[in-house]
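Alright, structures below, take your time with them.
Shared chain: chain A. Partners: chain B in the first complex, chain C in the second.
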Partner chain A sequence: MSNPDQTPHNDAPESFKDPGVPYHRPRRADVDPKAAKRAERQVAALFGLSVLGTIIALWAYFGLDISDDIASIQQVNTMIGVGIMLAMLGIGFGAIHWAKTLMRDHEMVEERHELRSSEEAREGAIQNLKDGVVDSGIGAAANGVPRRGLLKGSLITALAIAPLALLVPQIGNMGGDWNISKFRHTMWKQGTRLARDPDGTPIKASDVTIGSVFHVIPEGLNELETHKIEEKSKAVVLLIRLDPRDLNIQPGREDWSFDGIVAYSKICTHVGCPVALYEQQTHHLLCPCHQSTFDVANGCKVVFGPAERPLPQLPIALDSDGYIVAQRDFEEPVGPSYWTRLKTPAVASTGEEASS
Partner chain B sequence: MKTLATKRYHKAAPLFLVLLLLAAITGVAAVTTSSPATAATQVSADAILEGEKLFASNCATCHGLGAQGQQNIAPSLVGVGAAAVDFQVGTGRMPLQMSGPQARAKQVQFDQGQIDQLAAYVASLGSGPAVPTAEQVDGSLGDPANGMQLFRTNCAMCHGSVGGGGALTQGKFAPSLWETTPTHIYEAMLVGPQSMPVFNNANLTPEAKRDVISYLEEQRQPSAGGLKLGAIGPVAEGFWAWMVGIGLIIASTVWVGARSS
Partner chain C sequence: MGTTLNGAATGTANYVDERTSIGGFVKFFARKIFPDHWSFMLGEVALYSFIVLLLSGVFLTAFFVPSMTLVEYTGSFPTMRGVEMSEAFSSTLHMSFEIPGGLLMRQIHHWAALLFTASILVHMARVFFTGAFRKPREINWLIGFTLMIMSLAAGFTGYSLPDDVLSGNGLRIIDGILKAIPVVGSYMSFWLFGGEFPGEILIPRLFTAHVLLVPGVILGLIALHLFLVFLHKHTQYPGGGRTHKNVVGLPLFPVYTAKAGGFFFVVFGVIAFMGAFFTVNPVWNYGPYDPSPVSAGTQPDWYILFVDGALRMMPGELFGFPFEWVIGGYTLSMNLLIPGLIMPALLFGFMAFYPWLEAWASGDRGEKHVLDRPRNAPVRTGIGVGVITFYVILALEGSNDIVANLFHLSLNDLTIFSRFAIFILPVVAFWITRRLCTGLQRKDHELVLHGNETGRIVRHENGEYIEIHEPLDAQAHWIRVSYEDIAPLDFAPQFNDRGVERKGYKFDRFKARLSKFYFEDRITPVTPDELEEAKHQHH
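Moving on, here comes the complex of A and B:
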């Protein structure tokens, strides 16, 4: 392969040569007066289109009638928009077309100046800095200027603590409240009635026919004075009645449902979107954000998508009037899987409470 | 064919193809079926008899001669009521055209008289929800503001916040409600067809259902903001912005930068 007589690449040039300005090819409008005339007419037509657009916009504003119905508002908005579009685009396209077809297109060369400053300017700048150090007295005393230790110290102190004014309020607001149990518990308590969202009326078991879905809030939520939205976002529940033959009751949850009626948290365990797309025939609950799918017939276990764990189930019972009530709060934190780390002690403690 | 083959290198060919594609997409989107309005009618023994004949010749293959259904083929229709029949047949979903993820609305196969006879027959098999009266579905009597609250709580997750429809799982979808007649909207809430859950009168009272209809009828007006793009959310809007909007910007930029011939 190697040939001592022939060094490789010996034909290659030392450096690339400047290829120069490309060959100037005249445009049609340069050589053909007819084409030039045509281009002129095209440019004038584009400017004329702009004039037309301005007239359309003004006519739409003054001439068209806005009455109460949305259709007339849409018509006026559309016509003003189309008019402004034609007015602006007509000028822009006309100007560019003018420049491209009719103005001279000779090639030009513009030399770039050197980026580096002159030696003289560079030395001057350095000398200015040195003079500044001497004049301020930061460095050693010289030229009759005393050493100003007080100023140096106070400036450094000021610079060092100035960022605190920005940082302390920012950092101070983080983590001021470490009461994590707020995330672990919701408004549901023993005996809280399940109520319709949004009007807050309680639900009887007989109202929930097979295939029905009720969007549920705890009774009393609408009467809350503070933190209503926060409590709602944790406590919302989906109440569904399946044919009892279709429902596979999970071990340990035999008394959590009533005759095919189950209640599950509506907050997705992935990132907390409301899971509410219930397909009656497949008993699947779909989250609209990332398509996590939960199987209501099998304890809302995840059958598709990024969610990590089943939706928390709310244990329900009937009160003496036939209304559906909660037995207690959820036994695990609702919402995103981050809080699973809190799950184990929570289950143990509330399980004891339930049995006592 | 030869002229076609030579013309494919024409400089307008890409533009033509893009326009053709857009026209095809628009055409597919425009294919929608509308359903005739329904009216409540008296149930007579004759109607039940006629309905039974219609049922035997059009529905019994799947639902069985006594409408008792067949395992894994078709559900029993005993007790589904007249409302379910009026919805399923009146929107063309039944008789089923072919099996698939869900029965789709298509051209209605029967006239309203025949649908009423079928409904009367099925209603005679067991008690179920009846076809609503004209007053129950008159949106002008409802409260669209309350209807909006109810729709956004109970319906919007599938049908979209203004009823434009949306996707479900594995080929199923919630249809747009802009063309659906008020009677069919009411019946769908009442009986919960296919994937849709049931919203019985204890959940959404007849007045609440009328409010929902009233809200949906408000959404049929043109939007003040411009193109709705189906109101199905970020996919259609993103497609429009990225393909049409940015496409036009790129085309303009190419034109600005191109040398004049």
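Moving on, here comes the complex of A and C:
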């Protein structure tokens, strides 16, 4: 605390003097035996409250009637909770009140010792390590033990690669088939009917009035035995009908829509949340997770938010019965970007892949 | 009776001691001194909520089925009957509506988790603002930091277990961020989910991580954290008799055994109260995970908000400049990497290594056991408030839809505002805080020199009016003059006398600049000289 650079130019000392630990201020219970007795009774009462709490919790569990309705079990939950609360708070407040009112509270001083080991200990430690190195033969030859340089290198190599024996099978197995080209394909094929989510009934063009939105799954999704949720995670689509005069059809996609009916992937190109909120007036689709906003009238281009790419469009047509069907799969992977998104996969792919 | 009990106790103690030499430990620990301050209980809240997590977690594992196998719900919650869901979700409903005390324990567990992460961050803030991370506690700061990260991992893995629609979307966001990682991202996604998102194995994997790996690491780190607290002995606030070489306070047994031990029961009691009366994470309203639906106003647990806010804030393109780049045919999504990975890495990296940054600036190599009053470290306090401001802006942006709805603001305006605020407001907060600190230091200076105003006006014989000032009492005075005055560091010049550049100069120059930033504008504590002079001026 002292500042040796400062030279005093009057009688004042170099630094102020530490006044020392403050004097102990007696509490009520320290000076008044009545107050002490009162505090003792309060502490005992709090412990008693805890016992009562335990009894309440046990009574709620055994004594309360649970019929088959949810309200009765909620009541049991609440009463067990009240019991636990009282059981705990009684002990806690009792102990703290005891410490604060009745236990001796004179401050005590304990010296600290520097954490650094003594010079002697340090030297001893270094010497011991040196001796060990010499004994092992890793270090320079001494005490009749020759240097065995080969051992150090080979041990380090062995230790460094041994974890691979454990980690490679572990990590290797965890990724399943590692076939990331699955990102490119969904269940949509030529002629797959667009069906309502979740019941799976197909949709006729005549069902889709202007301004309406359908949450869509591929027909047959609900009948999948395996990987149903994975397929649904990629294949969900929004089917929207705009007034054809409002729809600004993108070049090259003239035959992808039908009389103002368009279908776009529901999976956000940002991080893959379902883009579920449609605003009829502005033709905007909003992702509720991070508020990326897509303009349906203009090829679902991003008009606000963190997404960078438009939602992929599903080319649709009508089948002979008037149901809306897919012309083919999406032409690009749906959902968030990834490193090889624009690369043709190395793994063998379908014929459609080559054209994209 | 008393003697028999005593006899039994002595006998047991003797039995144990002869086999463990526990006597030495008890002698050493029983009367160990701990300083007293309310802010020291923040870390205790974290520790105790973790114990509550373990206790309530054991209850939950008895009923939770970590399986993604799809089943049809037939339980007692009416609106979910007949719905197809994973066994994880259905067992969550079962324990909530058919096990007495089950929902209570779920809610106790969830509230304890929210409290656990919150108390860790507040405890970290206390350690930061009082300078308790300085030598010799830098390693313990790092252990505590790792505990904070592990608490987030524990929270996130647990949050995802019920397999409801909200947590499933949270996992999908994680999947999206993973995929954005260059080269290996797609494979990391496959690794985590065992194939394509969401796969059929994720919940069992998260369950193992949540009940074994993460809590195991947390337990080990807590043991290390507390061991170092004992080894270092607790820090203390400045005051009479408190130095860097002693510790002033009350003994572990009985005072802190009662206070800290009792406090565990208080924390448990408060969490039980919350679990009994406040609904948290009502997954039965959200429904089981389905990749198709999502509702507006969805929020992650609070500790994830800052990353979610960063994701919302980051524009996909700015003034026509896209943040998704295609380089040589490969896709690099900076609009995901910046908020999802780079920002958290920078923020956490800065937090983890801050103690060393400040050690470079101060050049101090001594052990520090007396805490700083935040005002006496204006730059540190400013940095802390700046970082908190940064964090709060992100967290608020993470609930921008709620904020917009609540205050009738435009969602888009809020996001655009936050894009500016995230750069400007932390700097403003830093600057204002630093000025407030120096202002408070000046006030201390003034109080030491002139004492407290008493409100008593006295007229001198020559007609002059003065107000009587009362000098501070010894303790109040000491607190205001006993802080350390650190001057900016000076280093040897760049070139030696033969004109050769000195080795290590560049690092020294960096440290000198850092030191200047920290300590150039400072209020030095009043010296006895100055006090003498001030007294003379008065008379």
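As a working rule, the second predicted complex is superposed on the first by the 241 of 356 C-alpha atoms of A that agree within 3 Å, B and C clash if a C-alpha of one lies under 4 Å from a C-alpha of the other, contacts with A are read in each partner's own complex, and residues count from 1 in each chain.
In this section, a contact is a pair of C-beta atoms (placed from the backbone, for glycine too) under 8 Å apart; a residue touches a chain by one contact, two chains touch by 3 or more.
The shown structure was predicted, so the numbers you read here are calculated from the model rather than taken from an experiment.
Once the two complexes are laid over each other on the shared chain, residue contacts for A:Lys232 go to chain C alone; chain B is not touched. Once the two complexes are overlaid on the shared chain, A:Gly20 sits against chain C while remaining clear of chain B.
Touch criterion not met for A:Leu52: it reaches neither chain B nor chain C. When the two complexes are overlaid on their common chain A, residue A:Thr282 makes contact with chain B while staying clear of chain C.
By the touch criterion stated above, A:Ile171 is placed in contact with chain C alone, chain B being left untouched. When the two structures are aligned on the shared chain, A:Asp68 is found in touch with chain C, with no touch to chain B. In the superposition on chain A, A:Ile80 makes contact with chain C only, while chain B stays out of contact range.
Here chain B and chain C are compared by how many residues of chain A each touches, and C touches more. When the shared chain is aligned, chain B comes close enough to touch A:Lys204, but chain C does not.
Contacts of A:Ala29 after superposition: chain B is touched, whereas chain C is not reached.
Chain A residues in contact with chain B (one complex) as well as with chain C (other complex) are 69-70, 73-74, 77-78, 81, 96, 100, 105, 197-198, 215, 274, 276-277, 288, 291, 304. Listed in rising order, the residues of chain A touching chain C in the complex are 1, 3, 6, 8-16, 18-22, 60-61, 66, 68-70, 73-74, 76-78, 80-82, 84-96, 98-100, 103-105, 107-112, 114-115, 171, 174-178, 180, 182-183, 197-198, 215, 217, 227-230, 232-234, 236, 266-267, 270-274, 276-277, 288-292, 302, 304-309, 335-343. Within the complex, the chain B residues that touch chain A are 149-150, 153-154, 157-158, 166, 168-169, 172, 174, 192, 194-200, 202-203, 221-226, 255-256, 259-261.
Residue ranges of chain C in contact with chain A, taken from their complex: 31-33, 70, 76-77, 97-98, 100-104, 108, 136, 169, 172-173, 175-177, 179-187, 189-192, 194-200, 231-233, 239-251, 254-256, 258-259, 261-270, 272-273, 275-277, 289-298, 308, 311-317, 322-324, 326, 329-333, 335-336, 339, 367, 369, 400-401, 411-412, 415, 474-475, 477-478, 481-482, 484-485, 527-529, 531-533. Those residues of chain A lying in contact with chain B across their complex are 27-29, 69-71, 73-74, 77-78, 81, 96, 100-101, 105, 196-198, 204, 206-215, 240, 274, 276-282, 284, 286, 288, 291, 293, 304.
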